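Order of writing sets the labels: A, B, C and D. Residues in every chain begin at 1.
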Amino acid sequence: MNRIQEKMRSGHKLLSIYFTAGYPKLEDTVPVIEALDEAGVDMIEIGLPFSDPLADGPTIQASSTAALKNGMHTELLFRQLKGIREKTDIPLIIMGYFNPVLQYGVEAFCKKCREVGIDGLILPDLPLDVYQEEYEPLFKANGLLNVFLITPQTPNERIRKIDEGSDGFIYMVSSASTTGARDGFGPEQRAYFERIHSMGLKNPQIVGFGISNADTFAQATTHAHGAIIGSAFIKMLTEDGKTGIAPFIRSIRKSP
Amino acid sequence: MNRIQEKMRSGHKLLSIYFTAGYPKLEDTVPVIEALDEAGVDMIEIGLPFSDPLADGPTIQASSTAALKNGMHTELLFRQLKGIREKTDIPLIIMGYFNPVLQYGVEAFCKKCREVGIDGLILPDLPLDVYQEEYEPLFKANGLLNVFLITPQTPNERIRKIDEGSDGFIYMVSSASTTGARDGFGPEQRAYFERIHSMGLKNPQIVGFGISNADTFAQATTHAHGAIIGSAFIKMLTEDGKTGIAPFIRSIRKSP
Amino acid sequence: MKMNRYQADERGYYGEFGGAFIPEMLYPNTEELRQNYLRIMGEPDFQEEFRQLLRDYVGRPTPLYFAKRLSEKFKARIYLKREDLCHTGAHKVNNTIGQILMAKKLGKSRIIAETGAGQHGVATATVCALMGMECIVYMGEVDIARQAPNVARMKMLGAEVRPARSGSRTLKDATNEAIRDWINNPVNTHYIIGSVVGPHPYPDMVARFQAVISEEIKWQLKEKEGKEDPDYVVACVGGGSNAAGTYYHYLDNEQVGIIAVEAAGKGVDSGESAATSALGKVGIIHGSKTLLMQTGDGQITEPYSISAGLDYPGVGPMHAHLYKSGRADFIAITDDEAMAAGLMVSQLEGIIPAIETSHAFAIFDHRTFKPDDIIVINLSGRGDKDLQTYIDYFKL
Amino acid sequence: MKMNRYQADERGYYGEFGGAFIPEMLYPNTEELRQNYLRIMGEPDFQEEFRQLLRDYVGRPTPLYFAKRLSEKFKARIYLKREDLCHTGAHKVNNTIGQILMAKKLGKSRIIAETGAGQHGVATATVCALMGMECIVYMGEVDIARQAPNVARMKMLGAEVRPARSGSRTLKDATNEAIRDWINNPVNTHYIIGSVVGPHPYPDMVARFQAVISEEIKWQLKEKEGKEDPDYVVACVGGGSNAAGTYYHYLDNEQVGIIAVEAAGKGVDSGESAATSALGKVGIIHGSKTLLMQTGDGQITEPYSISAGLDYPGVGPMHAHLYKSGRADFIAITDDEAMAAGLMVSQLEGIIPAIETSHAFAIFDHRTFKPDDIIVINLSGRGDKDLQTYIDYFKL
């Protein structure tokens, strides 16, 4: 059983953090992972920076640009992650765009992931059908879970299909929006959360986009199994640096 | 007999000077006439300044603009010329564009000319046919000779027609060119001068355009009865003022 | 009804207006043209080349476009004749195509032109490039500044742009300079005048070249409305060439109302205007007897309009006659009205008109129409050349 | 010969290229389009409105013009397809007319677009004004500076121009921003992509709207040369929409040579280039698998060309396939070659081409043709938007 699947079984609401590899400093990748682990988060998404992150908002976009300027690249990320499993058992997911993976070679990429101990991938622009037709065996062979997104606009039928094709969790985009911190969730989002909940999917759902504090975390996880914080975390990291990680995570964890 | 016709009978080569009324100073019209008369020119063309003198070169154009700025206008010119016949008997021609005459009223204009003692008109943009159809009786009734132009491009047939319709002199434009001083006449011009001469016209010919000094005056009048200096005179007037008039005329008169 | 009441007679007169009041130096040039233009235009090979270039090069026929949103707004059936789609962006090229072919027939090798908005200059530079002829365009210094894109286009096309520095340094002065050039170059040079102005035969010749506009309107309207005749034809009038083309085949059909739109500038009585019909008196400008803005003393007034192409103190003799005879309804439109109308058309129909043309769209505050009135407005040119003026005006 | 070898298959693939590599957030939008576009395009009332607007509003058919002086110079029979005469000045409007009608059919009320040269932005702002729809155009900051006239036009037309400040601040980044906007506004918004790029069904849909170009070439050439097929069709390739339209009806007719002209910038190997076929490797950009300029690491390279409309690191999947399969002959033209060709065409034919288009006229130094070869070059747009660049370059 994959570390992600194992984590999903735990009773409490999971807190997952997204950060961009090589940001703020090139060598920060592993220290950030360690600090997050220590602060008690449940899962980490490591962003592989991309020049044209078209599904990301300005904060993550800026961090990607900075990371690339710092010199981050795919091979280097793997080098940095080498030995990470000697340090932590936390589920690690690489989140990135498909083109760098394609250039690295999908097979080589998957193998490297296994080598360094990556548990899953989120590649927003690798659609389900292409994945299933061309890449699923490679992922499976390397013990990688591929995570798909759903949004408030995804038709139920397609949600079922995605549920069918997934075996880690479903990344539930909170609202039609590129990532970026929001003030809170409105009635529409709550109705959406409830609708998905009532579908009784086989995969747990982790909510992403728009979670920035204890409040929104609590709202997002009323029905879902957990939530992902991205932009709000990056923003904090930009302002406070790594020493801000523990207090930030504490602030989310404390009940509102 | 009109003063112009009388002058044409004199044996020597006639020197005619064009200047712009009201230039350089508004009140200079009569003093310039007097100075020219004293310096011994044979005929004077008084330019009635026009806003859009499209057949004139830059020098005369600039003097027209200046004269208009000085406040020159048709009625004022007549006022200035009032009494001129008490001072001089030199043939006086008003040269101008047709529009100011039209606005003044052609009949009123002709009458005024007679009143102040003008002998003829040169209105380059009043064509022969319109003149003959509409205005000839008015001119005649007021003792005004109307002078027409010919150019190197005017067909012989038309020259004959113009000769037919004229009874003062023919204004022979030296070359296809808006007025402006030239360096001298080439073989083409000389051929043209000869061609016209050999036509044996009933009217004397006075050459205009491009005469600036004793040399060109002599060349122009080899066959013709006289020549008109315009731009070169205005240029001198601009530079030296009225005191330059006598020396300028002397310089033309002296044989080259 | 007497036919051809509003066309030029043999001597180039429209009623009392027109003729050829030119210095003798220009006589051979205009005479050569006068004696030949109708014959040459009548030759089959001339017509064939003219028509072929209008089709394949200019892009004719230009559409007659039913402007749905304008029609809804002003409650009438409004059609736009799309001269803005002509190559180079205005009706001017219809005339320059015709005249360059005429110049070739007459054996000329050098072309001169005057320009105000620069459209005629561009259209002339264009046909000169097409035919490999030398091209010199005179343009007022003020216009050179306010119509920079067109100056750039002329240079790209290989023409020389010579600034006119006298007078108001606009269209009238550029015309003076062009005429001076023609006087100085009487043999090898053809002067392509850009509007229905100048000495006979220019007004008539240019009107005939532009007449293709109403020739097309007739059959296009027949296709769309089942009849050739609209209730009104509307055009802005600078010199009057686009208007002449728009009216041409309707002149003697008094069922068709003619609306001529002039530039009032800052207001007809503001002292800064170019509304010739309202402000002009009979006079001579550029060789033609016509209505003319002038002082009591016969000096030509410096006109003013925000649009360089309407900034002319005279008007073609055909239009002077249409005004005097009452055949056409003249409306004067201010800068502000024109600019607002230009923005309106841009945002209602997705067409940015030349500021000249914008004047024609401002008539709806001045006249009322019936819901089934068919109104054809000549969209004489596109506004690309005027973008800076629009931007500055609206602070976009 | 298998038919339709070079068209998209049902899943939007041209050979190995194409598809829809999109984030799930875009799935409903593109899926709605994918399921409906062929049906809607097939509906008679859609076709009727599309054709009517192309005729009366855009000014189609655009002429097929025999370029006499170019033909003499290069000793071949050169025809120009005059897309520069389209309303707004380029072929782009064929597509925006089609897509705005599509958007209406899909019940959308808000339009977004990206633009490089600004031609597509203007064409989009234009049809939005025509239909009374809200319009937001994303444009790279660099392009906003170098294509100022088109920015002004969009504003006049009532569109909002939003600067893209990331990356190279050119077309690719504007596209990213537009996609982001679409993700954020998935229900009421239609994204009018301006070229044959993006996820399926965009490349196929845009190609079908632009196909009117070669549809017309066929009957026009038949009229002029007695046969529908030229020896070569030539077009510049940015994203590839004007090229797709020019090739469309000739794709599967291998008798017709296809020449695709890319921007080499300062030279293919200079590091400042946009020659995608020469420099690209298979990759994903803007939802499509295609040839793509990128680092070994899969980061998209910042392209360079003097022409904003060719300054794109990818190419439509149709063109990637035409390249890979050898069906098309790709030629890379430098800035300098393009500028010289633009000036040449201006002064030989009186037509100032868009700098994008000028690239297509520079092929004659790279390929030789036979005297009776019929070559149709798509004159994709006019150079008005590029005057400042031309002027600065040639110091006119």
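Here is the rule we use: a residue touches a chain if its C-beta (ideal position, glycine included) is under 8 Å from a C-beta of that chain, and two chains touch if they have at least 3 such contacts.
Keep in mind that what you see is a predicted model, and the values were worked out from it rather than measured.
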Chain labels contacting chain A and also chain B: none
Chain at maximum distance from chain B, centres defined as averaged CA atoms: A
Gap in Å, rounded to a whole number, between the CA centres of chain D and chain B: 66
Centroid distance [mean C-alpha coordinates] between chain D and chain A, Å: 37
Chain B: positions in contact with at least two other chains: none
Chain D, residues touching no fewer than two other chains: none
Chain contact topology (line, ring, star, complete or other): line
Those chain pairs that satisfy the touch definition: A-D, B-C, C-D
Footprint of chain C on chain D - complex, ascending: 55-57, 59, 62-66, 69, 82, 84-87, 89, 125-130, 132, 149, 152-153, 155-158, 343, 346-352, 383-384, 387-388, 390-391, 394, 396
Complex contacts: residues of chain B adjacent to chain C: 50-55, 57, 61, 65, 68, 73-75, 97-104, 124-127, 130, 148-151, 153-155, 158, 162, 173, 176-178
Residue ranges of chain C touching chain B (in the complex, touch as defined): 19-25, 27-28, 166-167, 172-173, 175-176, 179-180, 183-187, 281-287, 292, 294, 296-300
